[in-house]
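Chain lettering (A, B, C and D) follows the sequence in which the chains are written, and residue indices restart at 1 in each chain.
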Amino acid sequence: MASFLFGVACLVLAMVALGLFVILRRPAEVDQMMAAQLLGTGGVAILLLLAVATETSSITDVALMLALLAAFAAVAFVRNASDSANEAPKGMSGQ
Amino acid sequence: MNAATLFGLCGAALVGFGLYGLVTNPEPLRKVLAFNLLGSGVFLVFGAISKRAAAAGLGGDPVPQAMVITAIVVAFAATAMAIALVLRLLEETGRATLSSDGPGGTSTDGGNS
Amino acid sequence: MTISFFYDVGLAVLILGVGTTTIFAHTAFAAVIAFVVYGLLLAIAWVRLAAVDVALTEAAIGGGLTGMLLLGAVARLRHAKVDDIRTGLPVRLVAGVLCALIAAGLASAILLPPAVIPTLAPMVMENLAQSGLGNPVAGVLFVYRALDTLLEKVVVLLALLGVWSLAPDSAWGGIPALRVYARPNATLTFLAQLLPPLGIVVGVYMCWVGAKEPGGAFQGGAILAAMWLLVMIAGLESPPSIGRPWLRLLLVVGPALFLAIGLAGFLLANAFLAYPPGYAKPMIVAVEIALTLSIAVALGMLAAGPPERVRQQ
Amino acid sequence: MTPWLDIFTVAAVSAGALFFLAGTVGLLRFPDALTRLHAVTKVDNLGLGFVVLGLLPQSNGLFGALKLVSIWLLVQLSGAIVTQLIAGAVRQHGPRG
């Protein structure tokens, strides 16, 4: 069971990596804001899988922390983008 | 090759990249970022050393881990200080750059502690 | 075994990739986003190094608060004039070679471990029972290296003083220049009403569980700071002016209590920062609670920046 | 009893992984920011839900199971709200933002 869960964690990690690769390369800031969101779900799934696979229940706490702070980071991203848009309409880089 | 060695090597590479960014990037904000990258590389090396020294039923040596926790908090405080300095520089001079003597003089590095 | 190795390799490559993005990204905004992602990924990596306490700290500070701080700076620097100086190719080449040498030196230290690997883990475990704590990292932080922890709190306070003192004279005693949403946003208000109660529960849980399992004052304090910042960003509560007595009291209560207990150690246990036998755990828990409050306020004010405006009564 | 629970775990966790795969495909292939946002948040949340469902029989005790479910609920809630925020930013700056 542990190695199966590790395998799924590998797969989810690969998906997160692929998603991050695409997101961080896109020029539009809106796309980049999704990065925290992606880790908020994917990262939490990886950590939960690891917590059960390695039988370390405290890893669940890290997942909880990640879930909270990914939302916080996403708010910071959006604040930044909306700020710059209000100050200077040309602040966003187009695609 | 186990996890400790792997992440230790990763940390060593990050130290190299961080140092490179710190030296070559002219923007102060990017220097602060690079310095943070350098720091976290060092933390990862500490993590590898801690994991390598696992004993007494623990997954790793708790002493380096406690030192890294302290270091992360101190690094945050130093980063906040550096950012405040950069913003003050911008307020005073209207520019966000460190070189005062034109092109070429990028070796000065302030703002990082 | 092999599958976990694949996982580790994938994670290490991903961290390196995102880490280099922070250095080589074209815009500062992209670099900062990559840095936040990098912080969250490092938290996942620390779990693999059997350092759950560090993972919690890194997630809270590396991913949350540092990102907040840097994004605020990016927004202000966005319209700043940046001299278009580029470092010349020869300098970059030399820097690259030297940095590669340093990295190689560190790598060789990792690849060639000493014959007898030094470890303090058995000593920590032998003496942990006396302190009544169950978490060895908390034991190191509050018993064996308590002086480090105390001084670190002082460093955080000094950094806050440094940040505050960068304010122009006219703004002294004003309220921090935290960037808030320019216009009221119903969605954000909802999030700022919903998330902080949950976050406060998690923060208190982190602080409480720290004596027994991974967690503690740093992690709890960082979560509380993040929630406070969220409320301030959403405009539900304006940042306090730095002259407020309650603010200053909260800032020093943790270090002051820690110092007081440390000095009491002279009388009760014949050494600075020593705990009288049998009372170690309640004392440490009391210090942790006070420290959680102080850390939360200090980290939040550090992220909020130097005071700027004077109005607000 | 145990083999059935294990089979359930394998099935649900695999389904979750499949949804993560679908979410990433959507992120790669969808034409504009709003649809990509939709792919990242909705599908990945469903994937996480299946992973949590699959891990429930393996978690230690009722408290562990409750914690797993509450983490999922937290991600679900904050994800939904943050998505609205990002979508608002997209609308403010036009779809190509």
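In this section, a contact is a pair of C-beta atoms (placed from the backbone, for glycine too) under 8 Å apart; a residue touches a chain by one contact, two chains touch by 3 or more.
Everything quoted here is computed from the prediction, not taken from an experiment.
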item	value
Of C-D and A-C, whichever chain pair has more C-beta contact pairs	A-C
Subunit C and subunit D: spacing of chain centres that average the CA atoms, whole Å	28
Subunit B and subunit D, separation of their C-alpha mean positions in angstrom	33
Centre-to-centre distance between subunit C and subunit A (centres being mean Cα positions), rounded to whole Å	19
Chain centre separation in whole Å, for subunit D relative to subunit A (CA means)	11
Residue numbers of subunit A (touch at least two other chains)	29, 33, 36, 64, 68, 70-71, 75, 77-78, 82
Residues of subunit C whose C-beta touches two or more other chains	4, 48, 72, 74, 185, 188, 191, 195, 198
Chain pairs that touch, as defined at the top of this document	A-C, A-D, B-C, C-D
Footprint of subunit A on subunit C - complex, ascending	3-4, 6-7, 10-11, 13-14, 17-18, 21, 25, 27, 29-30, 33-34, 36-37, 40-41, 43-44, 47-48, 52, 55-56, 59-60, 63-64, 67-68, 71-72, 74-75, 78-79, 179-183, 185, 188, 191, 195, 198-199, 202, 206, 209, 213-215, 219, 223, 226, 229-230, 233
Contact set on subunit A toward subunit C in their complex	3, 6-7, 9-10, 13-14, 16-17, 20-21, 24, 29, 32-33, 35-36, 39, 43, 46-47, 50, 56, 58-59, 61-62, 64-66, 68-73, 75-80, 82-84, 86-88, 91, 93
Subunit D residues within the subunit A interface of the complex	6, 9-10, 13-14, 16-17, 20-21, 23-24, 27-28, 33, 36-37, 40-41, 44-45, 47-48, 51-52, 55, 58-60, 64, 67-68, 71, 74-75, 78-79, 81-83, 85-86, 88-90, 92-93, 96-97
Interface residues, subunit D side, partner subunit C - complex	74, 77-78, 81-82, 84-85, 88
Contacting residues of subunit B [partner subunit C, same complex]	1, 3-21, 23-27, 29-30, 32-34, 36-37, 40-41, 43-45, 47-48, 50-63, 65-70, 72-74, 76-81, 83-88, 90-91, 94-97, 99, 102-104, 106
